[in-house]
Amino acid sequence: MGFALEAAVHARRFDVALSMDDGETLAVLGANGAGKSTLLALAAGLLRADSGSAELDGRNLFGPRSFLPPHRRGVCLLPQEPLLFPHLSVLDNVAFAPRSAGESRAASRASALQWLAEVEASELADKRPGQLSGGQAHRVAVARALAARPSLLLLDEPLAAIDAAAAPGLRRMLRRVLAGRSAVIVTHDLLDALILADTVMVLQEGRVAEAGSTQSVLERPRSSFAAGLAGLNFVPGTSVPLGLVDAAGRRLEAVSETPLPAGVPAAAVFSPRAVSVFPAAPAGSPRNVLRVAVTDLEPHGEFVTVRAGHLSAEISTSAAAELDLVPGSEVWFTVKATAVTLFPL
Amino acid sequence: MGFALEAAVHARRFDVALSMDDGETLAVLGANGAGKSTLLALAAGLLRADSGSAELDGRNLFGPRSFLPPHRRGVCLLPQEPLLFPHLSVLDNVAFAPRSAGESRAASRASALQWLAEVEASELADKRPGQLSGGQAHRVAVARALAARPSLLLLDEPLAAIDAAAAPGLRRMLRRVLAGRSAVIVTHDLLDALILADTVMVLQEGRVAEAGSTQSVLERPRSSFAAGLAGLNFVPGTSVPLGLVDAAGRRLEAVSETPLPAGVPAAAVFSPRAVSVFPAAPAGSPRNVLRVAVTDLEPHGEFVTVRAGHLSAEISTSAAAELDLVPGSEVWFTVKATAVTLFPL
Amino acid sequence: GGGADPAGGDGETITVFAAASLRGVFESLAEDYEARNPGSEVVLNFAGSSDLATQIEAGAPADVFASADAPTMERLAEAGLIDGEPGEFARNRLTIAVPPGNPAGVEGFTDLAGVRLVACAPQVPCGAAATRIQEITGVRLSPVSEESSVTEVLGKVISGEADAGLVYVTDALAAAGKVEAVSIPEAAEVPNSYLIGAVAPGAPEGAQAFIDTVTGSTGQTLLKDAGFQPPADRP
Amino acid sequence: MTGTAPLAAPDRVRGPRAGFSGLPLWLFVVAALGALFILLPLAAIVVRVDWTRFPELVTSESSIAALKLSLTTSAAATTLCILAGTPMALVLARSAFPGQQVLRALVLLPLVLPPVVGGIALLYTFGRQGLLGGTLSTLGVDIAFSTTAVVLAQTFVALPFLVLSLEGALRSAGGRYEAVAATLGASPTTVLRRVTIPLVLPGLLSGAVLSFARALGEFGATLTFAGSLQGVTRTLPLEIYLQRETDPDAAVALSLVLVAVAVLVVALAHRSSGSAVR
Amino acid sequence: MTGTAPLAAPDRVRGPRAGFSGLPLWLFVVAALGALFILLPLAAIVVRVDWTRFPELVTSESSIAALKLSLTTSAAATTLCILAGTPMALVLARSAFPGQQVLRALVLLPLVLPPVVGGIALLYTFGRQGLLGGTLSTLGVDIAFSTTAVVLAQTFVALPFLVLSLEGALRSAGGRYEAVAATLGASPTTVLRRVTIPLVLPGLLSGAVLSFARALGEFGATLTFAGSLQGVTRTLPLEIYLQRETDPDAAVALSLVLVAVAVLVVALAHRSSGSAVR
């Protein structure tokens, strides 16, 4: 049971395999153009793979010789743009799937009203899509997809256009309806992945860069993208005894989880909170001292994130003020070897 | 100088006035359908106000009897959907504005290439818009708007579709180009407002709910929306001596910034970090003890946000585990009166 | 011919395909026939002669065919689609039509050489007749337009677009008031024949009866009123 | 598109406050000249009509019979065009197969075929001695020179109008809404009925209006294929043609009736399409 | 729309792997029947043509002259239609003014007017004694019986085709791209040239093809307004009509030439539009 897909689309340099258990929610992360929407289009049957096959709950969706049309798949796609049917009222948009499934007009409208209430959009029921704001349209699209009660639900950035005040509520609602339902959710938002998904898959240029349980991927990212999402520093390089050497030849001492031979591709990961910032080269216990130029300062609350290229440090606002940091300042980042995790790539 | 607008659109229940200094960046926040895009459309000249007027750098944009057409305003709008011209390559899309301003084909392409590089989309230059992913298209749209070098730049959720890895870079770039340039940026993202804007305006149902410097609005929000964005608890009610009574009749003791007569509309604001959580009614110094039902738990890193309706508390993950919290648990929130700020609404 | 008009079969429907220029006459004739043969009905189909011929060739349900020229009728007769020998029932001849007031001052056929003239193309009967008259008179004409039907010629004269046009006497008569006629004596030598015949096979009895009505006194009177000349055998 | 209403400037408001139209001024001048080119000839006709005789001409038995016949046959032809043309437009717009270009070009042919030749072609096909003539007579059907023949002739010349307008509308609408509808579980037939057709309704309607207008004005093919029998196959254009032989003024007066009917139909159709969708 | 490419399923791939088309199967059957209705008559004609005489008939001096004249006048008329019709379509699609509905209906009239009546109307307008006749002769212009008259007649009947197709395309394209272009500082004329026209190019092209086809097949108005003189005003349809009087076979053969030319033009136009935009 569950969902398994393996497909390649040459024109988009896309080649991905995945499998999910029944009732599992998978978050797909990745940069713009990584192939996330392509993956969903393949699963929904809106795009044909050049090769590969897919199965859902034991039914074949497509294969080298077969192709189940979209409406027979029990797979519902909430696209990145809302695409509400412009000729139907908001209510009838949401009632579309139940109606197509053969429910009576009254019954389908009743369930549509329920789903609209779920996304806090009941008052929009009588409007036309053309009269909605961008975020209102997205909200209605979420309701419309949920009303289809699919075996597999595909959500393409469902919360990107929802306002900050409404997002938590909607996220909560999604978690409720996704519980026990197979779903794939494309997102740029870490919080979505954490709250909604059991497993995470990171796509990079049409390939799977890493996959695993949400916790493990975010705690021990194997790709710079996942590390960036998790807010961790990520330094790829080649392993040497007790650490690695990065592309620029800088040596980083680190603790390896498993014994690692020298000379293999490896990555070091550490938290910005573990990084201290000094105005001059410090003498002290930390083994890793990196000279960097500050590129950016991002204040949030009592802390400031000091970015220097790919690396970042998180220090208190007062410390930043004392250091008199501005973009361009030359500083030293230090981090204890015990705070750096090393693993093979 | 600067930009001033005052306009009403009855059909959308919109009635807003604002003014900005020259070179200032204003962030517009608000729930879906609050009127943010409408505001931008008015400023850009794509929608006519029923009444009102606007001025930019001393020039009249529209008034009761006048209406400057969009292309003469020096106002450039980056719409919520990218709307790249489908018949032009990405490069020519970005070169569109310089070319319209009379630059030669070569010169406009050269500057287009620069702007594409700024948004890290140089490799897309030869593609057609139809071949881009959602986020790629948004990125190119940002470049196209910037290439117009307008007197007033209007950005409608410029970063909503940009991936988490690229967003910081793009945000940095925006800050660079927005520095010293008049701009209005619509956003749902607090970080955008903090990093990019000098002042913030919160819209609610077509009216200005509050406005002021970014810092002051986020530190002392006067609307529940701004409080929500700033991650603060916000309790509106009626003032009583030493505090207020909310709609549910609960009394909250608080410190008033300015002496407040009793019986006026007021609001109390406090940070979730100032809230402690107890499994049973505690006895102790905190004056405010509220019995609540947990609706949601949001883990982030070492902390967990415990939501209970409109209120939230932030506690450590271990504390949450000890309390054995699940949605539905009945707990007590406590907060010291000195941690609660009271102000008139 | 002559004498009392014959009676046809009762309760029959006769379908008559007739050249468009015969409409007025044939509608009166049909009424007259129906009045005298209660229960019978005459269905009339009007179009250009060659259109009608094409239709009959393709199996159209025609019982009687009245053509405005001889070649078209011969075409059908050769194809065995006409019952017996078709007979001439009227003649027509060319005349010069000029706009009211005769602005170009056309007095006769020879004057046509210098004016803006519209005629029929040599491929159609009225054009063929014009060509013959040119041969007889030795006058060479260069029309600004060679139309495919007389109606078009007449239209251009009525609208004042042309200074003169070569049309049939009947056309000029029908458009009296909108055009003036200048006669061509030589035209009498190249008359245009109207032929009628029953369509083979299977024309009903009434078909011949209707043909007899046309060639009989009623028909001839109506035709004369419309400006037609009698057929050759009946001066 | 949904969700960006503020950019869809006109906001359903008409008149001077309607927001951004963005047409250069010179364009209106050129457009006015173009409109004049069509309107002047119409005015010229109206001026020439003998209005004292107009009522009598227009209410003659034969005119009324012709008008009735024209209206019923054109309506029937339009219905046939919708039934046969909608599937053709859908296939041309939404699927891809080898030879599609050729098929499209062929379907357009009745547009360019002189109507008389079209009539001959129909006669060669459905006539007693035509391609299908034998089959049809065996079935006891005799089409030529019946009202059915008029409808067929009109359908033949009007079909391309419907196919073309609709295909254009379908192509510009794109297939994205249909895709979404399919993933919501709607079968192709449901998608067609509930999404595709409603979405392109304005296009379908303007196609139908065009077809109706073309059928109403059809003359050459009808004359050749169906003949000109009063009350059976003599439509208004045929009546006008015949009148011209004997009474050109009457012909012009009758043309005005045709024009009036057409204007009425077009205006009504646009009125209802305006309120239906968009 | 940009940026949702994965939903625009066909992905420019043709053939069986082309992804989601979503048409119910029965639709193809109905479409095939519809296509047959148009193709059978064409086949019937092809079958009847006397192919041994075909080359001789088609290459006669008069046929060649008529074909040449038809091609040049139709091309000229199409150009005029584009020049006059594009502004009209823009005004009808993009601006709102009282009486717009009426204007649209009037512009469609040449569609429904029997061509002969259209010719009469033109005669009454541009003829020597027409509305503008006096003005024109003062200017030394004499249109009647000239090739110019042919072009005018063809433009008159073909203009509505261009206006309609283009208006439809403009309406479905919507005005949102133009709005964005305006805020990027492009003047209305620039927007027109660089955004509007390229966006609706397929619609403009198919409108132009329709106009060309209609102009190519035009017969009645030309006959009435311009007359019929070999090499000057006798276009291919007029030649065909005339040939019918003496040699119906020749007429049918010539019609096939007309059809072939039309198919060629339509196919070429669709080829180039396919590669241009989209």
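Letters A, B, C, D and E name the chains as they come in the text, with residue numbers starting at 1 for each one.
Definition applied: a contact is a pair of C-beta atoms (placed from the backbone, for glycine too) under 8 Å apart; a residue touches a chain by one contact, two chains touch by 3 or more.
All values derive from a computational prediction rather than experimental measurement.
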Number of steps on the shortest touching-chain route linking chain A and chain D
1
Return the chain pair with more inter-chain C-beta contacts, choosing between B-E and C-D.
B-E
Cα centroid separation between chain A and chain E, in whole Å?
53
As a quick test, compute the distance in whole Å between the mean CA positions of chain C and chain E.
37
Which chain B residues reach two or more other chains?
37, 45-46, 69-70, 79-81, 83, 132-136, 138, 161
Can you list the chain E residues in contact with two or more other chains?
1, 3-9, 18, 20, 22, 120, 124, 130, 176, 179-180, 182, 187-188, 191, 241, 244, 248
Residues of chain C that touch two or more other chains: which are they?
54, 155
Could you please specify the touching residues of chain D with respect to chain E in the complex?
1, 4, 7-10, 14-15, 18, 20-28, 30-31, 33-35, 37-45, 47-48, 83-85, 87-88, 90-91, 94-96, 101-118, 120-122, 124-125, 130-132, 155-156, 159-160, 164-165, 168-169, 171-176, 178-180, 182, 187-189, 191-192, 202-203, 206, 209-210, 213-214, 216-217, 219-220, 237, 240-241, 244, 248, 251-252, 255, 258-259, 261-263, 266-267, 270-271
Which residues of chain A touch chain B once you look at their complex with the stated criterion?
29-34, 36-37, 80-81, 132-136, 138-139, 156-157, 160-168, 172, 188-191, 194-195, 224-225, 228-229, 295-296, 298-300, 307
Within their complex, state which residues of chain B touch chain E.
44-46, 69-71, 73-77, 79, 81-88, 96-97, 99-101, 129-138, 144-145, 148, 150, 154, 161
In the complex, the residues of chain C that touch chain E are 50, 54, 71, 116, 118, 121, 123-124, 143-148, 152, 155-156, 159-161
Residues on chain D engaged by chain A in the complex (per definition of touch):
1-6, 8, 176-177, 179-188, 190-191, 194-195, 198-199, 201, 277
